[in-house]
């Protein structure tokens, strides 16, 4: 089985590495060549263009940065054009649902098979092959890529036969993360408004009702006011919340909390906080309450 | 040491029982007498009026339903009037911060000592003596009641020397719970807008990034659409969110997510859902998206 | 016909003056005596206490600052106690609907008649006897006070037989004014985000689709950034928006725009802008967009 | 001077007619031919393609439905390609600011001159040549088209040398109209929550502080519950509010009221009200408060 892997960024690289280590032969392409080269040492085969990578592949996995990069490589850059009729494209990036629908149609028109497989988990989880994979698309096709997904992740969650369904779930999850951060920010501002220590408050909630990874991670950063280096940039959070709102709009789903969060992110960006960690969203609540000078 | 316990509702009763079982002699009062009578069998002493209960007590614990009940019993009903100078009042109810400040002043004026000790945990947690207790007030005074708190809860969290600080933290936590329910509702409506199954979505998040009690509990109810019997009524959720917003207003803390949640609760009440479990808040998002007929 | 007039503030004084000039004999009371004294020159009779003022009056008009002042004077201060059975109390202040309901009940219990008559218009309009009066209560009773209302205002608008109905309309109007200011602020921030001049924008809208007094007044202040002296203080705007939200909550009416506005006002207060004119609310939008240093 | 006019819809047709009546020779193009044919009787010259229309024109006026139509005709359909170097394109449609920036760049690259001139006013205003024209772009170029604008409108408002500045102002105005409708809806729901008549309330505000065209028009429809036929469809309102939010996002301007309004529109669409008049937005507030069965 010939596999192509396009997009060797923070997430893509360890994912490709895991597949190679598992014995698969991968043809690799990345916009900047170094990432591919370093994987060549593990046994990967470097392609100089997307076209060269996908040529003759049975399965093409793409993990490109966003809609724009995916479009540039797979549509405008010839990625899909170069694929063999009947081959499978497994797109693991977080993309817009409208774009997912467009891709679904394009694949159908070209006689290609398409599976959406966006993931939950950051780089260390990817390295450990412990991602949670949100999958959607034709079930028979999914079965063919399942052995690969089993290497990349700890579990594959299936959300339906339309690829966009996996993408919308990914956006819904990221909206919920934004919401967790945003409501911590608001709660902390409230507590601070009465002189309660925010670290004590975060300690309380993450030890009790909110003893979940996302609260511990972002809550810890909020308590310590440590927003650099960014684990996940606030500006990327805005992108995902905005994609969630767009998806909602397309299906006539009002999302008032997401709307508030989007405005909070814009407030952050207007105050030059877009490069900080997503947890810095909490600064907006503090700033509005006059609790800091930022 | 003489202890009075006022308010033997769902929470107060098991709390008082635990103190009695631990060997403390309690004088008990409740608006309706049955609750007190049943505890008499354990060894408690039933008082017919708040005044009779608090008379000569070293420590008065109150766990009354809300601001109104607390005012009726402790202020208008003579509870504080009957206490001995220097005695301690430990108020474990969830009350407004403005009322906490008012109570603080009244105690000071009367030469009484006042500790706020609202709790996290439902009735089963209270029965097990595993509450998390949010405490605020004078530290020396707190030390005197600490042995009692150690029986009632697994841990006491201290938030400052002003009693209102414990109350605001309690309101901040409850706001966060409302926020968790509200954002699940919004995320589920988004997923359903694309035909993804809400049970699958809830399963995903509560198994991964949101593997916290509050998401499992309310999320399970949302997935199963089981809103009766109510573990915690939506109308009580509105009360707490409103108290949180009032507390925010008093300290000039804008709380836009709480504002959205308040409006969602009102939407629920306008559709006769106030008696349902708090999880039913998710129906608002579905209804606005035209996803149900309710 | 004996008339008492309680509350001779900015609005009450010119209103009382107009009644005196029209030939009515008024007994006047105000918390600080000067206001009453100056009206004595016109022919008014100064009372030293609310009780003295209302004694034997057929109609008692009150124009007190807010709920608190109204309660202090009319309930706790003996105003209602001193009125003769069957006398009419015409309350022209902007008060909460819950308080209006409470007052309605108290009057009924005491055998007094009660009309709510809050007004639209500022001091110059009051001076000119050109107020718009929002009235509610028993129609026969209203007819008895109509001659007085005809002196005070250009038109009486009737909203129902429950006094609270006039109060809720007043709050709804003030909410709409806040909304007009808030949306101008948001629109101006948007235009400024692209370098368009805010004065040009305000000029455009107030010359075309928004050629209404409220837009011209507040819009002019926004364009010129002239927020002092305050025609109507932002902090008073917050009071009215909050009363509107409370009224909404009591009737299960979600008011998401009012909720946003309330948060904007709190943001203003947190930045020490509560004493500025209501138009300064626009600064919140600019500040959040990073368009000023305030 | 040769003039081409592309887009003869509801607004474009009377605008083109006025130019013809004023003595200008126009080459006309419209997607469906009838509109152009009817203007031929006035003296206009019908073109069968955009290319034929713009060929040799000194000034090309486009009034196409939206971004999509403008792109289809002017970019993909060869409209700009066919224009002579140095010719002026006056785009009077309401388009996105991002698209305005893209068009600005394209014109520059092709050696064309570009003026944005979106308008305020509906069809009857267009017929009367009384539009308000929001203009932006190079001032010398604007002067060349001013004689045409003087026929089409009563006044030209200038907002800067970047075409997008006129577009953002148009979006800001339309956001404000949405805000006026939305806040009327909320205020009416509040008043109705207490049994006050909505017609009385609308009558009050449009006779006093909100005596402006936009309140009278939409308010009248709300009071009478007359939402068909649509003067301006709610679904088009959503489009403009969404474009306003996009513009805000691009400039980091949080727009929380616009966010609320967007959610209200989605709620309307989810309840099949998109084809109704924009005033029907008020039904959302009533529905959420349980005041109707819709």
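Each chain gets a letter, A, B, C and D, in the order it is written, and its residues are counted from 1.
What we mean here is this: contacts are C-beta pairs under 8 Å (C-beta built on N, C-alpha and C of every residue); 3 or more make two chains touch, one makes a residue touch a chain.
A quick note: this is a predicted structure, and the numbers were derived from the prediction, not measured.
Q: Between chain A and chain B, two touching copies, which fits better, same or different residues at the interface, with half of the numbers shared as the threshold?
A: same
Q: Among all chains, whose Cα centre is located farthest from the one for chain C?
A: Between chain C and every other chain, the largest centroid distance is to A.
Q: What is the distance, in whole Å, between the centres of chain B and chain D, each centre taken as the mean of its C-alpha atoms?
A: Chain centres of chain B and chain D, defined by C-alpha means, are spaced 52 Å apart.
Q: With chain centres defined as C-alpha means, what is the inter-centre distance between chain A and chain D in Å?
A: Centre separation, chain A to chain D: 37 Å.
Q: Two or more other chains touching the same residue: where does that happen in chain C?
A: Answer for chain C, listing residues that touch two or more other chains: 248, 252-256, 260, 263-264, 266-267, 270, 288-290.
Q: Using the touch definition up top, name the residues of chain A that touch chain B in the complex.
A: Result: residues 97, 120, 132, 134, 155, 157-160, 162, 164-165, 168-169, 171-173, 175-177, 179-180, 182-184, 186-191, 193-197, 200-201, 203-205, 207-215, 244, 247-248, 251-258, 260-261, 263-264, 285, 288-290 of chain A touch chain B.
Q: Going by the contact rule at the top, pick out the chain D residues touching chain B in the complex.
A: 256, 263, 266-267, 270-272, 288-291
Q: Can you name the residues of chain A that touch chain D in the complex?
A: 242, 248-249, 252-256, 259-260, 262-264, 266-267, 269-270
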